[in-house]
Structure formats: structure tokens, C-alpha cells
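Each chain gets a letter, A, B, C and D, in the order it is written, and its residues are counted from 1.
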Amino acid sequence: MNLSVSLGRLTLPNPVTVASGTFGYGVEYARLLDLNQLGAVVVKGIRLTPVRGNPTPRTVEVASGLINAIGLQGPGVDGFIEKYWPFLKTLRVPVIINIWGTTLEEYAEVARRFDALEGVGALELNVSCPNIKAGGAHFGTDCRLLAEVVAACRRATRLPLITKLSPNVVHIAPYARAAAEAGSDALAIMNSYPAMAIDIETARPRLGNVTGGLTGPCIKPIALKLVWDAYQAVKIPIIGMGGIQSAADAIEFLLAGASAVAVGTANFYEPQTPLQVLAGLRAFLERKGLTDVRQLVGAAQHQLG
Amino acid sequence: MNLSVSLGRLTLPNPVTVASGTFGYGVEYARLLDLNQLGAVVVKGIRLTPVRGNPTPRTVEVASGLINAIGLQGPGVDGFIEKYWPFLKTLRVPVIINIWGTTLEEYAEVARRFDALEGVGALELNVSCPNIKAGGAHFGTDCRLLAEVVAACRRATRLPLITKLSPNVVHIAPYARAAAEAGSDALAIMNSYPAMAIDIETARPRLGNVTGGLTGPCIKPIALKLVWDAYQAVKIPIIGMGGIQSAADAIEFLLAGASAVAVGTANFYEPQTPLQVLAGLRAFLERKGLTDVRQLVGAAQHQLG
Amino acid sequence: MFEDTVTILANERETDAYFRLVVSAPRIAPRVQPGQFAHVRIPPLREALLRRPFSIFQVAGDTFSLLYKTVGKGTEALARMRPGETLSAIGPLGQGFTVPAPGGETPLLVAGGYGMAALYLLAQRSPQRGVVFVGGRRRVDILCEREFAELGWEVRVTTEDGSHGERGLVTQPLVTELRRGTTGRKLFACGPTPMLRAVARIAEEFGVPAEISLDQPMCCGVGVCLTCVVPIRTATGWEYQRTCTEGPVFDARVVLWEVPE
Amino acid sequence: MFEDTVTILANERETDAYFRLVVSAPRIAPRVQPGQFAHVRIPPLREALLRRPFSIFQVAGDTFSLLYKTVGKGTEALARMRPGETLSAIGPLGQGFTVPAPGGETPLLVAGGYGMAALYLLAQRSPQRGVVFVGGRRRVDILCEREFAELGWEVRVTTEDGSHGERGLVTQPLVTELRRGTTGRKLFACGPTPMLRAVARIAEEFGVPAEISLDQPMCCGVGVCLTCVVPIRTATGWEYQRTCTEGPVFDARVVLWEVPE
């Protein structure tokens, strides 16, 4: 049975990855599961310099979901390479580094820095974080800016580029096309959706940052539709994510057109989820008499004709 | 204790209404609850002519939510007036009629027809239904078209107009302003969010219409953020909705800036929800020593300053 | 139509995946007509929001019972509930079967699986006794045979694997029976859609009236959401009608099994 | 750190809103250090996704126990669970208290409410016995007084309403005690944030070392999500550290109670 899938020039041993920001730098979960069984490890978003992030509270639990406004706390490129790379580079599966910046130049500079690092699997451009003032979603909700960011990173590195699109647009197709045309090897869909919650006792927003991004099972039907739409718009592969907590969820994304999937929020409540998804996917293929996971990719679209 | 709120020229006895399409034409629930205790009855979307709607399956249950693609099945203006108006006009609370069309002219014509009907409380312009090909969301995701639809209806009727905005936009503020400037008396936020689900056994979309609109508790954090944003953009009152199933949910919307709320999907699983929300709201005001529900409206925004 | 918090009095396995639930529901039980259903909220289902519809199987004083099959998360959660716990039920809902008038038609009931649940009250309240044709895949899918027999009805069992009664589909003995005569007979059917469709075809062929109870996924159960619609023939063409409100029981002749053109 | 499906052995009300849960967890229990916690998934919570963190109260062989207060949906659902049912637990997690060396400092423990839960193992494993100051609003908030006494510890109780022990805040007898002498003494505290802050201030005033266990809302519990951060003083300024990973126990001197400027 073949489980490997390709994201342009990057080949994954299997389609089950993890979502940036929900898996730390890999090392934190290494004692709970075998990272080398994943399709790829995707690390928390890194910008050039260290970032303190937003005031607390930074997450709030809602019906079948979570709102977060972490604010991309992180050690910056140097801190990341010093603290986490020595561990990450020992993994046998691809490591995908999620990067961001507040300017075009910073995006490109971060890409350039990682280009110089031996062993990086791919860079994922986060142009869709709703929780920071400059950068983030700002680049992801303007087609022209999006194309510029992707092109700037494309010029800065030969690493495979994955553009992580914002869900917060009228139609995703033009953004998907803009990223593909600017040289992105693959797309990641979706990031969190702008959202908030209010504490009725204090009449205050529940998040220190006032608003945040919604993730978890509650957004799955939205994410699936975005993957469905993007698959019709572009030929480059898609990593589907948004609320995946079971093999059935992952299979829905594959059928809609994703070549790979990422488990995000579910890691927080069930760290075994990625491995459970992988085992369930294997069992499903077997039961259906399929020999290659790629037979599932987009199958619901092909069937409708 | 004052519970009445005003939506521009329309005064509601209390802020708890129901969401169009989740309460039929009122009569269906009349045996389960006293409609005259509601803030308003809002009926299913009506266009000029009868509509058969979409193929089945039309709804699918998802985590903390529902996806629907009913396709605005309805009797048309004449059928509505003949079958349902005789009952609705006997109600002592305002009846709000949700209307739509496939062209500007049809919207205006429907508005004109209801202008001629004695006793209508207000018209709610549905420019945001994701489940029909022509009309619906098409008008709600283009600021210029939105302004034209509202202006056309404004010219066609002196009834209070409520514009029901689409959530599926990058920023809601320009749409809120466009509706206000074109003469809308109030806004309704939000309609369902484009979404889908796939049956992994058959590899087919679960809805006859392929895609549909997501509603229920899962979308509440998104809806709340949209109300929050719109409140900052316009002075006209807002009816908040999206996943309300308890008084606490409703209070969150009021604190974010809604002057009234609507209970939607929750009616399907708990028809008493609107009355439970109202009772809970009353108890909350009492416990907090407040004498007027309007003291809550936007309080979370005022507090942040 | 009432919405009541109903208390579970019993909830026991019948055979295999079938359970029998008895609840105390003083406002609903006395008003049930054969073929009507209750729309039940199962509290342990939390992230699954909707009620589940079930035919009302039997009524006795202030109680009614359901006969249900565990097929998914709702019915499985229901099967784990214990006496003393409560559910919310809305009922009785929908248009049930037309109970034959005294001296009127002789009813022939056709049931597949939990379809038996919709037919018991009809058998009990019909002034004429008739025949009930029960079909299922295996022996365990044949429910409450004895209870129908105790009403004085003749029960003819078919199973697809032949493990009980005649081997084959429930429609085979029905056809045999109709070949013996059709006058004064009327069909009443509840079960999977393919079975209902076959029954409708047989009724047409033999020129006997038939009422069938459709099984459509539901959402509100009370007519507001327009989820449960089926295409129904009208004087001027066809229209979508609601299984929960105009149905679940329809005259077999008006049901269009496919949406026209 | 292990993730285990743990079986409930007992789950009983202690006083009022406090419950004691005992689970069998052969991989986790033997490895627990005083002040560490377990991150628990409560299966009946369905639309509420996250695990809940609880200090590990006691360990005995292959079992550990929690002492928890019902404050919301998770703890209420937990309180309804019965022996034989299972939970998922990740643990032991976090940096616990530094157990005093034999002949080292005499520990003074300060606990508010369920803060007692975090301190029991420390009292049990400390080579020197000390004094435990327990505070609560009312008599029912004073937990396991007897169990600490049975370890040979002196227990000083305060309640805000005076219904048990001295009337007032737990910090009052602590100050009195410290006035008697500070040398060779060290504070260990767990409880509500205002209490911890007061303890930190007192420690500074009296120049005694103090370790405090912070109570921050958590999400992942294992250091990946960066939810539970608190501002911590560093050589060069301050940084956000994770309560779940660098904590929950911190040296009182490095905790900044407000985010600088």
C-alpha cells in the first residue's frame, strides 16, 4: 500500500502532518509519540526576531472549538536554530518551517536564512494569522500583496514553498491562483477564522488580545469547502486542515482534494490523534481495496464530474 | 425593567427574536410556545414567485452545528399572503418578513408588494444566502451591489428595512456602512457560512446541493466578532445571531453591540430556546441590578474604551 | 403536539441491535394516532445537536414506547441511558395511518426491520384483524412477532438468509396473498425505502389502496426547516411536501420516487 | 510523561463541592514528584474539547488521586463519573516543588482551597516536618486537615467567616509565625493567585525563600500551545514562561505579577 504523497518537490512518507502552532517544535511531543511516523513535522511560526506574543488569556474554549490569540510568540530565527534545530534535524521525516514577517523584506529574509540551513523540508508561509497587528492576515487577504510575498520568498530560497491561505476571503480561488502563479509549490488551507468570546460577568472579551482565531471541529465544514474550491482553481497540491480529529475527517479532506492533511487543535486534547488518523486511514484503504492513498485525492470531485 | 428595544423605526417588546428560515411562518411553533412573548417573529425568505428549493438531502448535522442547503423553498409573495398572513397578522408582536430576489428589480418588487400589506413590522433583506445560484450571497459580497439592492428597496417601501449581511467577507465594516448609507434601518448579522461535508463511504457530498451554509453554536464566535466589528462601523442597530442557544449567548451578543438577537438553529432542537433566553436575560438583568436591557448594548466595547 | 421532559421507565435490548424504550409522557401518550412519531432529544449527545425521530410503537396509559435500532451515535447514546433519566420528546407528530372503519377494509401490514414499530398501534386499533408481513435480513431483525400474534393477527415472516420464516423478501408472500384476492384489502407499510417503493408498485399493479410511512432524515420534525421533503404528485404537477408534517404516512399513489425531470 | 487511559477506582464527595478521585495509572503514579499535575480528558465533555489540569494529590502504588472542586462543566461532568469508567490522563507534568534535603529547611506550607492537593506529597516526602497553614472561605473549604495531621504536621486553619480555626486570611498566622523566626525556613504555597501574591510579598519582606505553584488556565498542558504563560524575570529583563512546563512551581522571586510596562 502506498501512503506517500508529494507536495511539489517535497515527498512525504504519508499524508498525515501536524498544524503549525499546535505541535510546538516537535520535541515537546516526542515523549508521547514517535515523530518519525508522521508525514511531516510542522513547527510554530518563526519570524526574524524573537516575539513575546499577546497578553493572556490567550485561548478560550468554545463549542467544539478553541479561539486562540497567542500572537506568534517565538524565539526568532536564531533562537530557533540554536534551541530546536539540533533536535529537529535528527528526524527522519520532513520538517516544515512555518515563517512570517511584518514586511515583504522580512519574509524574504527569513526564507533566505532557512535556505542556508541544511535539511529543511519546506517553508510554509503564514500569511493568514489573525492575531497580530502587522503582517499575518494582512498579506493573506489582499491578492496582490499575497503574490508579492510569495514571489519574494520564491526569489529568496530554493526550498519548496507552501502558502498558508486565509479562510477570511469571499472566494479562495483567486488567492490560490495568485500563490500558485507566484511560485508556491503547495497550499495549506486553512488557518484560524477571526472570532471572539465575551465574559458576560465582567463584560470583557475573554482574550487578552480581544479577538482571536477559531479552530477545531467547529470549523471543519468551512475548511472542507475551501479545500474543495481551491482544488478546482489550481493544480498544485493542498494540505487540508481545520478540525481534523479522526481518520474519517482526514478522508473527507482527501476526497475534497487535499493531498495531505494536518492535525491541529486535536493535538491539544488528544496528542495521539495524528497516529490514530494514520492508522484509520490505512484501515480505510484496506477495507476499500485501495492500494494508493492518492486514489482518494479529489475523488469526490471526480465522481461528481 | 425595560426590555423593549428599537430597530430604527421599529420597536420590539423585547430583544429576543427568531432567525429567518428556522421558524417557518410562525404557525408551526404556535402550539409549542406563545409567539406573543417573542420580540418579533421573522419568517422564512420569500421571493416574488414560488420556489421549490434544492434537491435532498438538505441538511447535515456536524460538530455543534448544522449545514443546510434548503434553497429558499417557499410559496412566493401571493402564496405567503394567502396561506400565512391571515394567521401572522393576528400576532401582537412585530412580524418581520425576510425577502429576496434574483435581480434588483425583483427585490424592489417584493418590497413594494409588502409595502401594500397592512401590518408588516419590517422587511429583512436577505442578500446573503449561500444556497442559491442567482441572488443571495452574490448581492451580499459586493459592496456596490449591496448598496443598490438596499437603495432599490428603500425606494420601494416605507417599511423599516433590515439588511442581513453575509459573514463571508474580508471585513464587514464596509458592507455595514454601505447598507446604512443606502437607507437600511438596521442590520442582521450573520447568515450561514459557506461549508460542506462529504460522506466518506460514497465519496459524495452529503448535501444534494453539494455545498451549504453552516449555522449553530459552532459559528457563534465568528458571529460575535462580526457584530463587534459592525458596531464600531455604524450607528444603526444590529440584530445579532449565530449559534445562540442560551441567555448567556444572547448577552454576549448584546455586550458586543447587538440591540436584539435572533435564535436560529437552536429552535430545531429546542423550540423553547427563545423563551428560555428571554427568561434568562431577565434574570441576568435583575441579578446585575440593571433596569434597562439597553444598558447591555455594546457595553463590552464601551468598557474597553 | 407537546414538548415534554419524559422519564425513562425501561430501556432494554430486544434482540441484537434493537432496543425497547418506555417513557412516561402523560400529555403525549394518550393522544397518539397509529403511525405518528416522537422527536426525541438525547441529552448525552452534546456536539450532535439534533433530535431523532422515532415512530411511537405502543402506548399504555400515560406511557409510550419506542422500538429502535442502534445505527449511529444518537441511538447508541440512547441505548446507554437508564431508567430514571430524562429525555425531551415532542409529539405526537405527523399524519399517521388511516385506521380502517369498522366493517371496512381488511388491513395487510408490511414491515421491514423497525418498520414494525410504526404498525403496532394500527394493528391494535384496527376493528378488522388482518395479516402482517414481516421481513428482515436475519432472524434478529424480526421484531415483536409474538405481540402481533397476541392481537390475533396472522404473522408471515420472511428473512433474506432464511434463518426464520420463509427465505426471501417480504414482498413475495405479499404478492402471493394479493393473488388470492384484493377486494376489501388495503396495504399499510413501513420500512426501508426500497421496500416501500416495491410495495407501492405492487399496490398499483394489483389496484389496491396503500398507505406508506416514509423514512426521511429530519431536522426540526415540526415543519419549519424543510429538510424532510419528498416530491408529491398534485393536481397540477408536483410539489415538495414535508415528511414530518404532511407525512410520514402518504397515500402510495401520490409519492414520486424521483424528482421529476 | 505518559498518556494513559486510567480507570476510576473511586470518586467521592469530600466536603461540599470537593471530590476525591482515585485512578489506577501504573505508568504515571510511581513517577510523580510533589507539585506535579495530570492533564485529564473527561470523556462525557463532548463539545468542550480541552483537558483539565489537576495537581496530583496522593499516590499509592499504581494509583494516584486528585482532590478537585466542581467549578464548571468539566469538573461537574467528572463528579458524575463512576468507578470502572475511564479517563485519559497525561502526566506527571510540570516542574514540582523542591523537596527539602534531609536536615535542610523546615517547610512552611500555605494552602488555599484545593491548593492543599498540590502540597500533600511534599508534606509526605519532606524529611523535616513543618507547619501547614490552610485557609478557606468557610469550614467546607478546609480540606484534609486530618491527613496532614496524621503525617505529624502541625495544621493551622483559618476561615474567612471564622466557622473553623482562626477567623481571617491564611497569611495572618503565617506572618505571626515568621515573626517568631525565619532562619532555616522555606515557604511552599498553592492556592488562588491573590493568596500566592501575598505569600510572595511576605517571603520578600521576611527574606525567606518561597516556591509557589501558579494556577493558570491551560490548553495543551505540555508546552506546545503557549497558552499558560506568565511573565518571569530573567537576567536580562523578562520573558513569558509556560506554567505547564517551566512551572507550575516557580521561585516566588522571579514571578512578575504584572506584565512590565
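One rule holds in what follows: contacts are C-beta pairs under 8 Å (C-beta built on N, C-alpha and C of every residue); 3 or more make two chains touch, one makes a residue touch a chain.
The structure presented is a predicted model; accordingly, all values stated were derived computationally and were not measured.
Novice: If you apply the touch rule, which chains end up adjacent to both chain A and chain D?
Specialist: Under the touch definition, chain A and chain D have B, C as mutual neighbours.
Novice: Considering B-C alongside A-C, which chain pair is linked by more C-beta pairs in contact?
Specialist: B-C
Novice: As a test of understanding: of all chains, whose mean C-alpha position lies farthest from that of chain B?
Specialist: Max centre-to-centre separation from chain B belongs to D.
Novice: How far is the middle of chain C from the middle of chain D, if each middle is the mean of its Cα atoms, in Å?
Specialist: Roughly 57 Å separates the two chain centres.
Novice: Could you work out how far the Cα centre of chain A sits from that of chain C, in whole Å?
Specialist: 48
Novice: Please tell me the distance, in whole Å, between the geometric centres of chain A and chain B computed from their C-alpha atoms.
Specialist: 34
Novice: Rounded to a whole Å, what is the gap between the Cα centroids of chain B and chain C?
Specialist: Between these chains, centre-to-centre, one finds 36 Å.
Novice: Touching two or more other chains, which residues of chain D qualify?
Specialist: Counting only residues that touch two or more other chains, chain D contributes 47.
Novice: Which residues belonging to chain A are in contact with no fewer than two other chains?
Specialist: Correct list: 63-65, 217.
Novice: What graph shape do the protein chains here make by touch: line, ring, star, complete or other?
Specialist: The chain contacts form a complete graph, every chain touching every other.
Novice: Could you list, by residue number, the parts of chain B that touch chain A in their complex?
Specialist: Touching chain A from chain B are residues 62-65, 67, 141, 168-170, 193-198, 200, 203-205, 210-211, 214, 217-222, 224-225, 228, 243, 248, 251-252, 255-256, 284, 299-300, 303-304.
Novice: Which residues of chain B touch chain C in their complex?
Specialist: Within the complex, chain B touches chain C at residues 21-24, 28-29, 31-32, 44, 52-53, 55-59, 61, 63-66, 68, 70, 73, 216-217, 265, 267-272.
Novice: Would you tell me which residues of chain D are touching chain B in their complex?
Specialist: Spelled out, the residues of chain D in touch with chain B are 47.
Novice: Can you name the residues of chain D that touch chain A in the complex?
Specialist: Interface residues on chain D, with respect to chain A: 1-3, 41, 47-51, 88, 90, 216-217, 219-220, 222-230, 239-240, 245, 259.
Novice: Over in the complex, which chain A residues touch chain C? Could you list them?
Specialist: Checking each residue of chain A against chain C gives 63-64, 217.
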